[in-house]
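Both of the next two complexes hold chain A, though its partner changes from chain B to chain C.
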Partner chain A sequence: MLVWSRSGRLVIWVIFALIFGVLFLAPLAVILLSSLADQWNGVLPNGLTTEHYADVAKGAAWNAVKASLVTGFAASALALVSGTWAALSLRLQGPALKRLLGLLFFIPSAVPSVSVGLGLLVAFSHPPLLLNGTIAIVMIAHFVLISAFTFGNVSAGLARLSPDFEQVASSLGARPAYRLRHVTLPLLAPYLVAAFGLSFALSMGELGATVMVYPPGWVTLPVSIFSLTDRGDIFAGAALTMILVAATLVLLLGLERITKRATGS
Partner chain B sequence: MSEALAIAAPTARKREPGRLWIVPPAALLALLFFYPLALIIRQAFLDDSGVANVAEIIRVLHSRFFVNALINTVTISVTATAGCLIVGLVLALILAFVPFPGSGFIARLIDTFIALPTFLVTLAFTFLYGSAGMLNSGLMEAFSLPLPPVDFLYSTWGVVLAEVTVYTPFILRPLLAAFSLVDRGQIEAASVLGARPFRIVRQIILPAAIPALIAGGSLCLLLTVNEFGIVLFIGAKGVITLPLLIYGKAIQESAYQVACIIAVVNIALSLGLFGLYRFAAGRLGV
Partner chain C sequence: MSAVAFTGPSVMDIDAAKIRGAGSNVHFDKVSVAYGAHVVLHPLTLDIAPGEILAMIGPSGSGKTTALRAVAGFVRPASGRIRIGATDVTDLPPYERGLGMVVQNYALFPHMRVEDNVAFGLRAQGANKALISERVKDALATVGMATFARRYPRELSGGQQQRVAIARALAVRPRVLLLDEPLSALDAQIRRNMVEEIARLHRSLPGLTILYVTHDQTEALTLADKIAIMRDGRVCSHGPTTELYRRPPNRFTAEFLGRANLLPVTVAEAAGPKGFATARHGDAVLTGAGRDEKAGDKSLLCIRPQHLSLTADSEHTNRIVGTLSEVHWQGELTHLVLDVDGTPVRVSATKLPVALPEPGAKVPLFFAPADTSLLPEDASV
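Up next, the complex of A and B:
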C-alpha cells in the first residue's frame, strides 16, 4: 500500500474512477444506450426501443454476421495450422535461421492492414492468380494479418513447455509423429485455443484490409457498420456494433470455458 | 574433442530431414504476404499502364496531400502514445499499489478492450462529444447556448483521444506485469522511514517500470501509425493519415501507383518502429 491515509486513498480512487469512467466505461455504456435509443435530442434518449435491432435484423445484419463468422473461422483455422506448424518446425532449425525466420513470421503484424489489402489487390488481380472479387481474398487478407499473432502465441506456449515430457516420450521409443500427436499437441492445447480465440476476435473487428478487398455480397460486420454510420444511420450502426461485441465476447468466453474444462481446473 | 564430434555428428545428420518441415508454412507466407509486398514496391515505380515512371514518385513525395498526411500521422501517433503512457502509468500505479475492492476485475475489463474493434470507441464518441452529443446538449441546455460549445471531435484531438482509449491497455498489461515483481517490503520500508509517495514512485517504482514503458510505448507508436478504423470513422476532412490516404487513392480514385508509393513510405515507417519495438523488448527482456 503506497498511500496510507484514508482521505488520500479516497482522492486517488476518485481520480481512477474519473479516468476509467470517461475513457472506458462511458464509450461502452453509450454504445449500448444508443443502440436502444428511441429519439435522442437532449442529454439522455427520450425513450428506449428495440427497433434498431429489429431493423438491422431485417436488413443485411445476418449476412454480415455470417460473413464475419465464416471469414473469422476460416482465417483463424488456417492461421492456427500454419502458425503451429511454423512454431513446431522452427525448433528443428539452427540458431541463426531460427532467429531470422522467427522475425519473418512476425513481420505481417507490423505492416499496416490497408497496405496488406493493397498488396493482395496488386498481386492477385490478374490471371493466373485471379482472386480479386472472390471471398477467398478476404479470408487471405485476414489470415495474413492474424498469422503473426497465432505464431507468437503458439511459440510462447512452446517456450513455456517443459522439455521433460517430450524427452521421456522419446526415450521410451515414441516416434516423432506419435510424440507430436500424443504428447506435444495435447500439452500445447490451451495455448492453441487461446491463440484461436484471439485471432478470431481480431478478425471479427478487422476493417482496414477488408475495405480494400471485399467483393459485393461478402460484407463483414465492421464494413456494414461503417456503411451504416457513413449514411448517417448511427443508431443502427450502434446496434450492429453491439451484435459484433456480443458475438466476440460469447466466442471468447466459450473458448475459455472449453480450455478450463479440458485442463480440468 | 574428436569423441564429441563423433557423438554430435549422427544427431546432426538425423536432424537434417526435419529441417524441411519449415518449408510449407514459410512458402504460404511468402506467397500471400512477401510476394504482394514486393509487388507494391514494383508498382511504385510503374504507372497504371505498366510503364516505368520515376518522376511520379518525386511528384507524390513533394505533394501537399502526402506531406500533410505524413505530418498528421506522426503528430497523432506521438501525441496518442504520450497520452497512453501517462494514462497507462497512472492507472497501473493505482491498480497495483493503491488497490480497491474489485480492482482485479476492472483491470481485466480494460484488458478486453484489446479484443474489441477500434472504431467502437469513435462511434461512442460521436454520441458523447459530437455536435448533437450528450456533452454538447447538456451544456447547451444548462447555459442556454445557441451553438454546441465542445468541438474537438472532428479534429486531430478526437483521433488522439480515441487512440488513447484503444491503446492504453497495451501499456497497462506490461506495466502491471512489471509492478507485480516490485518488492512490497521495500516500499513499506521506505514509507516507514518517512519517504513521501511521490519519492517512492520516482525512486523505487519508476525504475522498475522503464523497460515496460519503452516496449509498450514503441508498440503504441507502431499501432497508432497503422491505425485505420478510428480515422475513417471520425471522417474529418482535415484529418487524413497515411493509411487513409492509401485507401482513398486506391479505392476511391483507382490511382494504384500513387497508393503504392505512399504504401512503401508507410510500410518503411512501420517496419522501422517494429525494429525499435523488437530491439527494446529484446534488450529489456519484456
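Up next, the complex of A and C:
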C-alpha cells in the first residue's frame, strides 16, 4: 500500500520504529548493556566495564566459540550436501512421491529439539550405534535439525530455475555430471550460500538438542550461555551471547559478500 | 577445419564441410506423445530434408513444441521412432543427439561470459583449446557479435542475447538446429531484423537443417522452405511454403496462414485443362483455381485480402459486391472489411480511390482467377 500524504508516512515510520525498537532492538540492547554493565540496579547500568569479556576470554569461552563454529560448519556443510542432493533427486520424482518425501524431510523441524536430542541419545547409546558421549552425536543432532531448511532453500531455488538452462546444456552435448557442475550448481549458488548461512545461524543458536547430547569438552556457546545464566552469572552470559552474535554476523556478512561476487549483483 | 576431438561416444563429430554441404534429415515415423491418457501429439510422420528449414506453426497447445522436444530428447515418444540422418535417436539421451537448440528466453548461462557460453558445448564434449578458440571466434563472427566476447549476458540487449544463443548452438556444428519460438521475446522491430539475419545465416550455412517452431506466420513464411501447420496434436497440412500459401488444402490452413477470405460457393463447372473451375456465389459467377471438385459441390473460394481490388482491370475478371462496414488506415496499408452476403471479407489495399466510400456503401471488389483457390468446405479441418 502506498501512502501519499507526508503525515501518513510519518505515522507509518513511527509505528515501524516502535515495533522494530521494542521487539528487535530492545532485547539486543539489554544484552549488550548487560555484557558491559558493572552493576545494574536501576533502569540503566550503574557503570560500564569490559571485565566480563575478559573473564569469559580467560575461561572456556574460546573453546565454546571453537566448538560452535566447528559444529556449525560441519553440520551445515553436511546438511547442504544432503539437502541439495535430496532436492535434485526429488525433482525427478512424481508429484505424489515428491510431496511425501518433502514432508518427511521437514518432520525434524516440527519436533521440539529436546525430543530430537532425547531420541538420538536413546538411539545411539547401544552398540553397534554407540555415539553417546562423542562429538559426532552433536553434529548429527544439528544436522537433523537444520537439514530441512537447506532442503527447503535449495528446493525453492530449483523451482525458480528455468528448465531451459539444463535442457540447452544437454542439447549441446553436456552429460549430467558436467551439466550439474557447470550449469545447475553455479545457477543455484545464491540459494546454496543462503541455505548454508541459514543452517549455520540455526546451528550456532541451537540449545535444546545439544544440551541433551553434548559430551564433556565440546560445550557450544549456547550451552555455555545457558550454564552461566543458570548459575546466575547474567553479565558473563550476556558477554558470551554478544560473542555468539558477533561470530554469526561476521560469517553471514562474509557469505553475503561471496554471494554478491558469485552473482555479480 | 578439423573435427572435434571428443572424449566420449558422441554423434556430434561433424566438421565444417559437412555442415556447409550436407546437413542431416529428420524423420518422424508415427511419433506420438502422451501424458497419461492425454495424447498431445498424435502419430506424426514427417520428413525434414537435409538443409531444409521446416517451420512448425499452430496455435498454443497444437503440439508443435512437443514435436520439437521429442527430437531434442526431452519428451519420450509413447510410440514411433525418430531418426536424424541414419541414426535412430529415439532412445538416445539429449546429449548424444548432435543438436543445437535455441529457446525463447535465450537461456544464456548468466555466470559465463559470451565467449564461455559459446564455448560451452565444445568444452562439454572435450574439444581441444585451439579448436574451441577458433570455433568461438567463427560462431561469434557469423552472428556479428565478435566484439562482445568478454561481456556477460546481462550486459547485452535481447536481440544480442539471441544472437549469442544462436552462435552457441552453431559452435558445436549441430546436425540439426532446433529453434523453439526464438524471436517471441523480442519486440517487433528487432524481430523483423532477426528474421532477416536468420535467413542470411541459413544462406551462409545451406547444409544446416532447421526445425523452427513458431506461432508467427510471418517468420514461417519468410524463413521456411516447408511449413507444417499443427492443430490439436496433428499436422493438418504440410508442404512447400509458397504452395501452402497459394493453394491451402483446408479451411484451417487458409485462415491460419495469411487470414484468407473464404467465400462459400457452389461449383458450377469442374476444373478444365487449365485448372480453373467455375463457381457461383449468389448471383456472381466466379472463376477460381480448382482441384477435383465436381459440379454441384459446396466449396470455399479462398482469396487473400491483398488480392482484392476496388478497381477493375483486364486480369481482375471476378467481381463480387459487398457492403463496406469498417475502414482501418495503417499507413502503408488500408484494411477494409466488407459484408458479402453475410460473409465478412477483408481487403488490404495499398492504393485506394481518391474518394473512399463511406461505411454502408455498396462496393464492388475485383480479383484475378489465378489468385484464388477452391478448397473443400469441411468444418472439421
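We take it that the second predicted complex is superposed on the first by the 245 of 265 C-alpha atoms of A that agree within 3 Å, B and C clash if a C-alpha of one lies under 4 Å from a C-alpha of the other, contacts with A are read in each partner's own complex, and residues count from 1 in each chain.
Convention: contacts are C-beta pairs under 8 Å (C-beta built on N, C-alpha and C of every residue); 3 or more make two chains touch, one makes a residue touch a chain.
What you are looking at is a predicted structure, and each value in this text was computed from that prediction instead of being measured.
Measured by the number of chain A residues touched, the leading partner among chain B and chain C is B. Touch criterion met: A:44 reaches chain B, while chain C stays clear of it. Judged by the touch definition given at the top, the superposed model places A:167 against chain C, while chain B stays out of reach.
Contacts of A:89 after superposition: chain B is touched, whereas chain C is not reached. Within the superposed three-chain model, A:116 lies in touch with chain B and out of touch with chain C [touch as defined at top].
When the shared chain is aligned, chain C comes close enough to touch A:175, but chain B does not.
When the shared chain is aligned, chain B comes close enough to touch A:225, but chain C does not. Within the superposed three-chain model, A:248 lies in touch with chain B and out of touch with chain C [touch as defined at top].
After overlaying the two complexes on the shared chain, residue contacts for A:21 are found with neither chain B nor chain C. The interface of chain A with chain B does not overlap its interface with chain C at any residue. On the side of chain A, the complex with chain C involves touching residues 162, 164-165, 167-175, 178-179, 182-183, 186-187, 189, 262-264. Put simply, chain B touches chain A in their complex at residues 15, 18-19, 21-22, 24-26, 28-29, 32-37, 39-40, 43, 87, 90-91, 93-95, 97-98, 100, 106, 109-110, 112-113, 115-121, 123-128, 132, 134, 137-138, 141, 164-165, 168, 187-188, 191, 197, 200-201, 222, 225-226, 228-229, 232-233, 235, 242-244, 246-247, 250-251, 256, 259-260, 263, 266-267, 270-271, 273-274, 278. Those residues of chain A lying in contact with chain B across their complex are 1-4, 8-9, 12-13, 15-16, 19-20, 23-24, 26-28, 30-31, 33-34, 40-44, 82-83, 85-86, 88-90, 92-93, 101, 103-116, 118-124, 140, 143-144, 147, 176, 198, 201-202, 204-205, 207-208, 211-212, 222, 225-226, 229-230, 234, 237-238, 241, 244-245, 248-249, 252.
Residues of chain C that touch chain A in their complex: 8, 10, 12, 72-74, 93-103, 105, 107, 109-111, 120-121, 123-125, 152, 154, 165, 168-169, 172, 178.
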